[in-house]
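Pasting in a structure now, in structure tokens, and then I'll have a few things to ask.
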Amino acid sequence: MGAPILAQATQIDTGDTAWMLTATALVLMMTPALGLFYAGLVRAKNALNTFMMSVSAIAIAGLMWALIGYSLAFDGTGDLIGGLNYVGLHDVTFAPRDGTTIPHLVFFAFQATFCIITVALISGAVVERMRFGPWMIFAALWSVLVYSVLAHWGFGGGWLQEGGTLDFAGGIAVEMASGFSAVAAAIVVGARKDYGRIGLLPHNSVLVLLGAGLLWFGWFGFNGGSGFGTGDPSVLAFTNTLLCPAASLFTWMMLDLIRDRKVTAVGAATAIIAGCVLITPAGGFISPGWALVLGVLGAVPVYYVIAYRPRTRVDETLDVLAAHGTAGFLGILFIGFVAQQSWNGLSDGWFYGHIGQLGDQALAALVTPLYAFGMTFLLLKAIGAVMPLRGPEPDESLGMDAIYHGEEAYPSGEGAILVSPEAGEEEPVPVAQP
Amino acid sequence: MKLVIGIVRPERANDVLEALYRAEVRGISMSRVQGHGGELDRVETYRGSTVKVEVTDKVRFEIGVSDDFVQPTVDAICDGARTGEVGDGKIFVVPVERVVRIRTGETDEAAVTPVGS
Amino acid sequence: MKLVIGIVRPERANDVLEALYRAEVRGISMSRVQGHGGELDRVETYRGSTVKVEVTDKVRFEIGVSDDFVQPTVDAICDGARTGEVGDGKIFVVPVERVVRIRTGETDEAAVTPVGS
Amino acid sequence: MKLVIGIVRPERANDVLEALYRAEVRGISMSRVQGHGGELDRVETYRGSTVKVEVTDKVRFEIGVSDDFVQPTVDAICDGARTGEVGDGKIFVVPVERVVRIRTGETDEAAVTPVGS
Amino acid sequence: MGAPILAQATQIDTGDTAWMLTATALVLMMTPALGLFYAGLVRAKNALNTFMMSVSAIAIAGLMWALIGYSLAFDGTGDLIGGLNYVGLHDVTFAPRDGTTIPHLVFFAFQATFCIITVALISGAVVERMRFGPWMIFAALWSVLVYSVLAHWGFGGGWLQEGGTLDFAGGIAVEMASGFSAVAAAIVVGARKDYGRIGLLPHNSVLVLLGAGLLWFGWFGFNGGSGFGTGDPSVLAFTNTLLCPAASLFTWMMLDLIRDRKVTAVGAATAIIAGCVLITPAGGFISPGWALVLGVLGAVPVYYVIAYRPRTRVDETLDVLAAHGTAGFLGILFIGFVAQQSWNGLSDGWFYGHIGQLGDQALAALVTPLYAFGMTFLLLKAIGAVMPLRGPEPDESLGMDAIYHGEEAYPSGEGAILVSPEAGEEEPVPVAQP
Amino acid sequence: MGAPILAQATQIDTGDTAWMLTATALVLMMTPALGLFYAGLVRAKNALNTFMMSVSAIAIAGLMWALIGYSLAFDGTGDLIGGLNYVGLHDVTFAPRDGTTIPHLVFFAFQATFCIITVALISGAVVERMRFGPWMIFAALWSVLVYSVLAHWGFGGGWLQEGGTLDFAGGIAVEMASGFSAVAAAIVVGARKDYGRIGLLPHNSVLVLLGAGLLWFGWFGFNGGSGFGTGDPSVLAFTNTLLCPAASLFTWMMLDLIRDRKVTAVGAATAIIAGCVLITPAGGFISPGWALVLGVLGAVPVYYVIAYRPRTRVDETLDVLAAHGTAGFLGILFIGFVAQQSWNGLSDGWFYGHIGQLGDQALAALVTPLYAFGMTFLLLKAIGAVMPLRGPEPDESLGMDAIYHGEEAYPSGEGAILVSPEAGEEEPVPVAQP
């Protein structure tokens, strides 16, 4: 990602490798944490389905990444797309990844975790009604058609990066990509049947807070690892990942207080995510002071997007657009204003005399949403043409868990009659079928 | 005095509440129950063990009303809860010999007349 | 034989239990319910959606007693549950035609006489 | 028409369901309750505070049946729920004045006759 | 936000930095973990409020630390208080923090997480009744008036440290400070209305165990990072953080068995925390063998303080005094007996011929409680003079979550009527107001 | 507690040490995560007991390891058992562990976490009915009689390792040992009273998914740390720990779909564990490509063992045999086929010309189950001869939490009358006794 190319590319540093192993594990952990965060935000009857949309992304996006996605994103510096040299992990070995001091295998694994969580993020837009089968197919295709492409553009050596756009840890391929894809997904899949008619409340906000806490924890690896070592960019991004979310959390609590004298817990959890997203693209490029400012100011638009969205007919259920799309957009632009070469060693922003940087940032902030929204829209339309994206209405009343997973999150056991395993092999009775 | 017990679909519970509100029924208690009726069973599997689940979630309303409120209450529940699909639920009307409002000790009619009305 | 149904505040449930104990009422079943009555609603906000919550948590007692135990039982519930604030709850006394003690098959009076007494 | 209320041990709930099934009782509602009866109390400690827990988990069945189904229903519950140990639970039979099937508006006998039968 | 001093990369060790980045992330994670631990210990209707007291500390104490607290604690070696050179993160850059091999930014971030969790710890004393507004104000002021001062005394170069008191990872500023402040807070705020009248039980002990597990996990960063690298002190403290809590957990289970033949889960969770606290001050100074002894012996007084406290009228709800104050006190003193220069390279304790060390430790064990209790008492009295510290009694019955956060932790959805967003802007109805 | 041997700091690598500190903390965290995973899989009335079986293992196995187990496993190269030089942590100091670049203390701590979780794993076989007292005694004895012995054989310099058997991170001592011991334990302790009669369902599958996610997170330390640094073996094992579970998760979801068109969440959680176990022995020895194959193929037998086991009379409740025994067995054998010297620098498998390796692997796969099953069987029979392994039937109805821990996981508070602390000292009433 945005880290400057280092000399002596052939030497592996044990300290850098140690940190990157940790960072990779942290980011992998973020996907179950996201599943938990999302699961807490939906109704109990859909908790497992929501969690499983994230969990399944680990398998599906993970495998697609290893087989083809990584190569398309990170092989060579083609303008629009990478090469095929790394297909099936070919040539991904112990030797250092060019421009880093860590083994190529570690670089690959670190990048894999990014692809995985980005796919998982989108699920927030379609929970509580999308069928699980189409979701899995969508996840597989999206990870290549959208993620790999944008990852190549943003930090795989593609045209945006070459053109000078700065994106430290994924404002383009992760945050804006998931956020604007989420809107397209919500539109194509459509709203839940009771959306806007009755209150559809989070069934467990304690899990939401825990999930947010674990996500923040993981984000230190996400941003702090995007310098691919322990050098200045990583250190700066790491520290900013503490400061910016703290600031956005503070702002959010104040906005809540102003609205109706109540500081909401779900809001606080959202603010933490928003703060982490805001600093994701900018982490290694702006000073700690500006990171605080970004947290304080950036939380405001996100807050109002979240407050406004439910008044629309777009049931973008868990507000991926607000928390990731909007915040990622703001973070990318903010770099253009306040980047400091004295901190990042690369480039200044407008406030420090280099207005061109703002142009480079604006370009990415314009192109990415268009590509993500468009491709996702077409992709889901295509899948929808082959198979229904959602089930019949009564299924929604019963809940996704029972219908698509044959489970309940919290079974009481009463009324559940054990079927002799042999009988277990029988066809399930009609109502139970997806 | 009667106790009207209504068992309805969870997703209709709020519609029932609103219907009752319009019918000016003020005192209500509700709780989650699991129901078995004409609905089809479903099969669930947890690792190696497969179970047949014969119950579905329902919400149970319990409403104490004076006799001339019984019909409006029953109608309100039906309005709010009916979907026409199997599983809409049942209403039972049970005789009540005495009602007491704990706060005041008032009994019967007085006890179910909401405060301020 | 009667069934005394009492709906009270959760934080008074233990006081009711103790009052019933002193009144030598031994058999009791209780459960959580949500109640709507004279209490004021509250507003809750979850991200962008605001809801008006019309119910508050209550505890429902269900007590089968022989006729001459009805008054002591009702009094005990009132003693334990009364705070004088709106929301204290209600008591309903319902006629019972038959009571069976599952363990022994004993019916009626015998069935509600606690073991050992 | 009667309402049969049965309170049983959680681990016997499925046996009761099966017994009711065999007795061709189709409409059932059940819920978790906490019961206090002849069972012995237990002591629990949470850090420095010790509490005496006077209740144990039970499952409450509520079944609306036509008069001639009362006996089979009561028998089925007893069959399924009896262990012979203190704590097996109780059954209460309560008169019902009216039953309504929400889906169709049918009342009384018709309302408790399961679909298709 | 000026340019940083040029980084003297030669002084920075990538391995030490790698570990300190990890340690910092681990300690930041401890605060949500603490929120979870505390939330499980209260009743369901107060779960979010309890969790939010910890979460809000991240924002409030975090910002106060960046703006002023860090400078007061770690700038220079003034006897009583540090300087103002680092105010607003001025001069906190990539250059190594003096005396360490890690960037100053990382040192700052690591210390920030300590300030945050210390503030959060105190909330355990006032949960289930204190109003959220005053809590936030208290958190902001306490983090500077108490934490920064004691941090300076204990390991910022202040008079205790200069005087020879040994405190490896915060027995003074973190554990004793929070524990004795908790008592003052409980006294000033007063007991819950039903305290001593009915049993107020933890609503979810599974979360308590999970929280304790995550706290232990984080504590490896807390103690293991307090050597600011991967050197001998860190390694020793890290290993002792495994041994001491294991020993105290064992003792606790035995004491439970003796009491009434039952090993409680909440007790086990408490024992883990107690063990981590016991070793916090001593981690890098005593041998692994003595760490085991500390765990075994130290758990006993903590156990009995917890058993006795509820018989008093002081509703110090979640026993911060016992788990942190008492254990921290014991840990600080224990160093005076068994510190070994052969292990810590600094000083021996009484058993190894240097009785003076015990004096230095006793001094800290005497002064810290007095300062923490006194300042907290005055601070809360002052805040209480300006605004009520708690709401009317009926609010307590309804629960803090509904009153101060306008949420429930586990909403069923039934009885919650969706308000048209416009209406959402209306004033909430009276009962809902804080 | 004498003075340590002088540290030969020159041989220690800060990067390797940094990673090993992280890895150790990660593996310690796995045991509470396992407790959570297991607790979610049982009924609510046994959740705390199940969790506590894992938590207690930290104290019991942890102390046994420090006192004696570590020495027996890792002191010297005796064929059958190690020496006593390290008893009571004697000679375990800052000096590097021979053959590594990390302090001996860290090596010890890392190994301790392995012993702990292995003991905890077995509890899955006996949850919901075994008495807690005998469990604690079993844990203490098993950790020495079985774990230490097999750890010595497998990677402590014992006859299997010397004979050429390859086991990277514990296919022998951890996975097969726990899996086959679990069967013996289930047989000796016997089935739950309602086993096979009514459905005994997981009470909280969200916790199961979270637990699995945290376990995977920890497993990166478990496998990635088993190279004792940041070198090629660690890097390979780390990356394979991402790929193999992703592949097995994918396979499992497909098998679920084939079975009855439903992807179960509990199944997905199980698949993650199975994938981590499959790669545990093989992690540092096989190529990433083969790791994917192992994940895809290995999941199949595990899937069918889990589907078949409940049809037997053996109530091996949480299927430790399937997830750990079977998967560990397959992983150990797989090495014999596809190990590649070009990746591991040590040895080739059959497919690469060295069929002898398969023999060495088969030997371990034969001997380990026999030893683990036999010793566990005898051990539990012996304990059972001294004290009853389970309580009377009514206790099982009431639940282990109330009986052996005097707590409920989710108390409502209603019906719980506060006993004046004095009274609290009274003997508990009969029914409450274990």
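Going by the order they are written in, the chains are A, B, C, D, E and F; count residues from 1 in each one.
Note that in this section a contact is a pair of C-beta atoms (placed from the backbone, for glycine too) under 8 Å apart; a residue touches a chain by one contact, two chains touch by 3 or more.
Keep in mind it's a predicted model, so treat the numbers as computed, not measured.
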Chains touching both chain B and chain D, listed by label: A, C, E, F
Contact-graph distance - origin chain B, target chain C: 1
Pair of chains joined by more contacts [C-beta pairs], C-F or D-F: D-F
Interface residue identity across copies chain E, chain F - same or different by half: different
Geometric centre distance via CA averages, chain F-chain B, whole Å: 50
Centre-to-centre distance between chain D and chain C (centres being mean Cα positions), rounded to whole Å: 17
Separation of chain C from chain E, taking each centre as the mean of its C-alpha atoms, in whole Å: 43
Sites on chain D at which at least two other chains make contact: 14, 17, 30-32, 34, 36, 43, 45-46, 48-49, 51, 54-55, 85, 94-95
Interface hub residues of chain E, defined as touching at least two other chains: 13-16, 18-19, 22, 26, 198-202, 204, 260, 262, 264, 266, 307, 310-311, 406-408, 411-418, 421, 428
Contact graph of the chains (line, ring, star, complete, other): complete
Parts of chain A lying in touch with chain D, wherever the complex brings them together: 412-417
Complex contacts: residues of chain D adjacent to chain B: 3, 17, 26-31, 62, 64, 94-103, 105, 111-112, 114-116
Chain B - residues contacting chain A, complex: 9, 11, 14-15, 34, 36, 39-46, 48-57, 85
Partner chain B, residues of chain F touching it in the complex: 199-202, 259-260, 262, 264, 266-267, 270, 306-311, 319
Residue numbers on chain B that touch chain D, as the complex places them: 2, 5-8, 31-38, 54-55, 58, 60, 70, 74, 77-78, 81-95
